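Here is the structure we will look at.
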Amino acid sequence: MAEEKKVGTYICKGCGIGDRVNTAGMATIATRECKSQVTKEHDFLCSAEGVKMIQDDIDNDGVNHIAIVACSRRAKTEAFSFENVAISRGNVREGVIWVRPDTDEASETTQEMAEDYTRMAVHEVSVMTPPTPSGQSEGRKNLLIVGGGISGMTAAIEAARAGYEATIVEKTGALGGSAANLYRRVPESSPFKDPEDSGVAALIAAVDADSKITVHLNSTVTKTSGAPGRFSADITTESGATATENFGAIIQTSGFTEYDANQLPHLGYGKGKNVVTQMELEALAAAADGGVIKTADGKDINSVVFIQCAGQRSDEEGHLPYCSGHCCTTSIKQAMYFKDQNPAIDTTVMFTDLRTPGAGGEDFYRSGQDKGINFTKGVASEVTDNGNGCTVKFRDMILDEDTSTDADLVVLATGMVANAGVDIDVVGQDDPGKWEVSVDSILNLDYRQGKDMPQLRHGFNDSHFICFPYETRRTGIYTAGPTRRPMDIGQAIEDATGAALKAIQAAENAELGRAAHPRSGDLSYPSFRKEGCTQCKRCTVECPFGAIDEDEERYPQFNEGRCRRCGTCMGACPVRVISFDNYSIDTVGNQIKNVDIPEEFDEKPRILVLACENDAYPALDMAAMNGVEYSAFARIIPIRCLGSTNLIWVTDALNSGYDGIILMGCQKGENYQCHFVKGSEIAQDRMSKVDDTLQSLSLEPERVETYEIAITDIERAPQLINDMAATIEKIGMSPFKF
Amino acid sequence: MSDVIATNQTILVVGGGISGMTAALEAAECGKQVILLEKSPALGGRVSQLYRYFPKLCHPTCGLEINNRRIKGNKNLRIITMSEVASISGDAGNYSVKVKVSPRYITENCTACGECGKVVETEFDDDFNYGLGKRKGAYLQHAMAYPQRYVLDPAIIGTDDASKAREACKYDAIDLDMQEEEIDITVGAIIWATGWQPYDANKIQAYGYDRIDNVITSVEFERLCDPHGPTGGKILRPSDGAEAKNVAMIQCAGSRDINHLKHCSRICCMASLKHANYVNEKYGEEGQATIYYIDIRAIDRIDDFYRKVKELPNVTFTKSKVASVVENKENGNPVLHGVDTEGYHRYANEHDLVVLAIGMEPSVPADAFPVDVKFNEEGFIEADESNGAIFAAGCSSDALDVNRAVQNATASALRAIQVVNNVAGSEG
Amino acid sequence: MSDMNTAMVEKYRNSFLSEVEANVEEGEWVKMCMQCGVCSGSCPFGPYWDHPPQELFMMIRAGKREAVLSSESMWMCTSCYNCIARCPRGLPITHIMHGLAHYAKRLGLAPKNQQTMKFASIFWDNLTKKGRVNELQLGLKLYFMNGFVEGIKTALCMKEMGMSMLMTKRMSPMEYFGGHSIKDTKGLHAILKKAREIEEAKAKQF
Amino acid sequence: MAKKEYSFYPGCSSQKAASASNYQTSVNSMCDVLDVQLNEIPDWNCCAASIGYAGGGELPRLAMSARNMALSEQAHPDQDIVATCAACWLATKETQERLHNDGGLMEETNKALAEGGLTVKADQNIRHMVEVLIEDFGYDALGKHVTRPLEGIKIAGYVGCQTNRPFGIDGESFENPKYLDKLVETLGADPVNNYDRKVSCCGGALAFSEPEKSQALIKDIIEAAYDGGADMIVTPCPVCQLNVEAYQGQINKKYNTKFDIPVVYYSTLMSVAYGKSYKESGLDGQMIKAKQLDAIAKK
């Protein structure tokens, strides 16, 4: 920034702060110790006039670094959001007066807390600069859609309707995907009674008619690089001709493959023409086109048994452990193919749990019963050929007996297997310079961390999050439809439309340099000092979003558009060359170093708490609102993610005489709750190295603890702080005080 | 309120639950102007009343925190709480909407310092806790309430409590003369996300919700388990405040029943699996959960969750629609009568507490809807050309779990953007 | 095996369900059951059913003709209508039970000594004879429906009750001779005859 | 208030010297006070009740009730049909429903009726006497006629099955109907609240064919009434009344209980409260004397 730095400190006396602590003393510290050029107190800082006071100083007095010493950064955020200036918040309401008793004996330590938070706020902001976009984005807004099934076509059409261009790359010679093979689909609108047209033809027509949509058939994506707003993709046809095009964002709709029923010999598959999969039955029905459905070898069908969960919801070798969701309604639909044509045909659906949820599902189930489809809660154990058809051996769960039934045709409800490309946790990326196309890959990303989208469970490219289903680990690339999660057509259409929105949003925000979820709108991005870098690759390996590539010399290449601003790279860097304008080793380090450390025999320990800004910090705020007290010796610093914790902070803290350190991150592991996916996990591995540091300083290991904190831990989080205080009382103060 | 600026390129979102917040944020983060209306004093809707989500057992407030932060940082988004749509007229790309805004009696000046809450005395049933607890006449709806501003219960207006509250406020944030307002806005598209409400358990007479203290609903059970809830997260039963360790969950309480809701509410099976998990979590071996079901509908990868819960030694599954619940007059225990249909086993099982996996019905019934759109027999809004630029999001469109509601809300954001972009296009 | 039974077996060889749908009162509802079991749990005589309603429906769908029609179960129906009131699929279960019982009796498959069957038949004959129930004759017939000795036993244990009914004028020996009747018994009998004919004819056409 | 007239279907049990003749007596007294005129359906026949199923098939049974409706339509075309017996009411109402819902049945039934020179439209309202009391009068109006409040008597309102399911009384629930309790209060007596057998089954007609099983149910019904502190039980149904009253002796023998609780009709309670005499109120029909009522009636 051209203009020189001018720090203003604004201390609020409202909400009882003025009554509980000596704000004048804090002001003096800000001015004398922290060199705050402008320092003001106010009775009601978040009021219109309080805010105006600050704005005036910005406008007329050149103040461009602002420390607000008042309530939590989570409160009054809008009031204290000023343009083009660096802002820090000192939390003396939720962080001090609300967690300390209003007593004479407590007043001294309470005051010390308030003064420290003042120091921390001023020293933090003085090393911040207001972030500005990198301008890396090329501002492209068009979408690349990989896969031309219902999901892909829907995404393209919906994007085009909003005015955005879309390019569909389809591997086969025609649009339509799996749904093109359906005779009919399950109804999506009331009265939910009869099978409906699949709608594929209409979609194809709409795609063809839309000037904003380009389609490449018989083509695959052979290389993808770049970032939101500036993706580059090689599109290669069967013949081998390759064209490179640029895109703003990408949607992967590569669909599913029907589970291979040959792995179900006990259900008679592969032995004859009278055991088929659901997809094969669709073909027979399509062939009959409303007429009499016959077996592939032309036999009449007077009885059909549908076996649900065939090779699904099972732990057996080669089976699918999950439920594919659509199969129950699909079997009902298919049984209707027969019943609608000839009610005399016996159709039995053999299920363990009939899953027809939602508004329409139960209507469709009832309609099936009304049409005379027989539903049996039973588990089929074996299907054998009995000469003129099949015999299905099964356990009738209701009549509680092992029995059997004959059928001219058996339909196996086998599940969906995702077309998710290569599993990057198994197949790593080629070395820089040696990159090659993979025929198994869908996207052929040249990203450092692998060629395809990460897989979550059971081989699907799903998001882990419940409230943020599109929160993928490759910014600007979204998966939709059955490649993401088993789903029926109705859900796939919703999913694809949502993915289109997210893709458009990613492109729009990339142009402005705004971060994607969860730090939406953050303009900061990581930069590094090349001269200091040792090419250790930790940042490129650890980035949860694969945002950092490596150039030929193994230097990191940051892709701002892909970055989610968690700071994990910063935490990983052993030589501390990575930083953000508004979040760096120094913004936190300065806070740590400037806390006043009383001398050993003052018996006033200091406990550093590094708290995840999304869960631990709000938990402590809410604890404060509920009047839960905790030790006056704690000094809490919110951090973007535990993953951004650099060991130096811990070492510095220990060296400068802190008596205990607590790191509070989110739950890791299978049900991780870290919104930067791996942040807290990585941090916790990293912290295992702290023990060496502790040993080298001959300090007790109990002085540093790492915890998983949930946002609901309003009792536990404060308790952990108090526990640390107790521990210190037990093991004594740190010798490192000066 | 007069300063609400909206044009036919503005998107109106009705309902500030997870679906409405999502639709509003996703559109606003695409650079669109959005107005979000919420009936209650704070955003969050039903999910803010949940302790945990299935199948991850993570906390809804975690996502709420992120969404709150997204809102605070987004200048395209205008939120109006305590507001409802009075009427809608016009067509796609140009709707005039009348909005009724109820008085909060507390202005933007409020710092949520809580002084007013301390001085008022009158207490009311806390509807946020489904009446399981009490709240003051001046209150913050919940710990994460956004906007973080107190609200006065209209019932205390004109009483000493009201004046006490005003005197206690150092920031002149209490305005007892606040009146109901009606504001007219023009918008291009409307996203309807008023969500769902639990089916009235009193109507399921055979389960005695109205007669037996220890029969509660699944939404109430969530409050019991929540550390912010009326029992501080302990499973204490209503009749005597004793810990309930042997808990029964009755599925399809109102759902899949032509006498009540003919549709399957989709979420109840997983909710009960989650609840069985709570019981196991709190009491381990000492706890016992029994789920009475017709079909366990844990589809796609949620089936993993079902199988995990099935493996818990202290969770039992009984395929049976419970016939009736009667109270053991000695100890207040509900006794469940019915038949396990897998092999015909008659039972009369006594439990400490019964949780009705209550069905989901749309909050706004078809006949009370402010404008003519297409509804299905279940009362959900069905996507249809004739709806113009009014798009349902979340549980206004179907019985959905949170993940699907968000998916659907994100999709509806795009549908709304299509409309306003066309308006923008045609207006150059 | 009655002729009608043989005929029916012949006609519906492979589908007992269709037989029930065609010949049993409200039988077309059987297919709509989703096996929730609320009916079975709601029946006041529940413990005495070998096969509760929902199981009977499943047995019908599974083609267990003999087991269903010769069962005592549906004769346990007290017509309390709990099942109908609670069935989430709206099946008229009480009537289906009556229908099954009636059909079993018509086919001669109902258990020979089924008490409710006997009583119900006596009741019907009694009320159709004169158009109105003759409670005294009904009572006496009832006592002796299981033979003379049984009858005396029943009569004895019912003695008290009988006496107090006489005392309170809620029963009259005069009923034994003639008793209440409608005037147009002829008309009524013609109506019933016709009704039966129509029903027989329907059964045949299926 | 002007005289109210209804097309009345008494049913077999209410005839002279029949098991519910005392019910009829009290109904007449009650109607007398309320200025209600019951116009008996000429030559009405038995409804065949539910238990008729074994002998009669569907159509013959429907024909029985249809004949009654046909006769009523001729004699009292513009009056509602009112029945005092639950079975009669239910059978007739069900027939009406079937005739209108199942296309073929209306025609077939009329074919049958033609043999007796009758046709049926089945479009008159078919109501239980209790409905008439609640809907056409209401509790307040019914209360106005009380001259001898039944003070100090605790009464269990036993609704039973067929007055309650599947049709029931408007605005009441299947599991916990409250109208008898409200009526009891209206008459100045105390209802047993949460009487948890108020809608359980007494065995109905199976009390004859399955006495043991039925008496087990009846025992619970009486026990629950005693548990609720009841002095007597009130019911709107002749079958319930007979079963619960008449078998107490046998139950006492079998279970050595000491049951001796009167079971009365709502109409008996009303007649007494309305100042009618012991006889007029049908109290002489009590096999188990309702002494508290007798006392009031004989005042």
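Order of writing sets the chain letters: A, B, C and D. Residues in each chain are counted from 1.
Note that in this section contacts are C-beta pairs under 8 Å (C-beta built on N, C-alpha and C of every residue); 3 or more make two chains touch, one makes a residue touch a chain.
As the structure is a computational prediction, the values presented were derived from the model and not from experiment.
Between the contact lists of chain B and chain D, the overlap consists of C. Taking the mean of each chain's C-alpha atoms, the chain closest to the overall C-alpha centroid is B.
Comparing chain pairs A-C and B-C by the number of C-beta pairs in contact, the larger count belongs to B-C. In terms of the distance between Cα centroids, chain D is separated most widely from A.
If each chain is reduced to the centroid of its CA atoms, chain A and chain C end up 64 Å from each other. Chain B and chain C, compared by their mean Cα positions, are separated by 50 Å.
Inter-chain spacing, taken between the CA centroids of chain A and chain B, is 24 Å. The distance from the centre of chain A to the centre of chain D, with each centre set as the mean of the Cα atoms, comes to 66 Å.
Listed for chain A are residues 354, 377, 398-399, each touching two or more other chains. Counting only residues that touch two or more partner chains, chain B has 206, 256, 319, 324, 341, 344. Contact of a single residue of chain D with at least two other chains is seen at positions 174. Pairwise chain contacts in this structure: A-B, A-C, B-C, B-D, C-D.
Listed in rising order, the residues of chain C touching chain B in the complex are 34-38, 40-42, 46-47, 51-52, 54-55, 82, 86, 88-90.
Of all residues in chain D, those touching chain C in their complex are 12-13, 15-22, 43-46, 48-60, 62-64, 67, 108-109, 111-118, 161-162, 164-166, 174, 200-201, 203-206, 208-210, 213-214, 217, 246-247, 249-250, 284-287.
Remark: chain C residues 14-15, 17, 31-32, 34-35, 55, 58-59, 61-62, 89 touch chain A in the complex. Within the complex formed with chain B, the chain D residues making contact are 173-176, 194, 196. Per the touch definition, chain A reaches chain C in the complex via residues 346, 354, 365-366, 369-370, 372, 374-377, 396, 398-399, 403.
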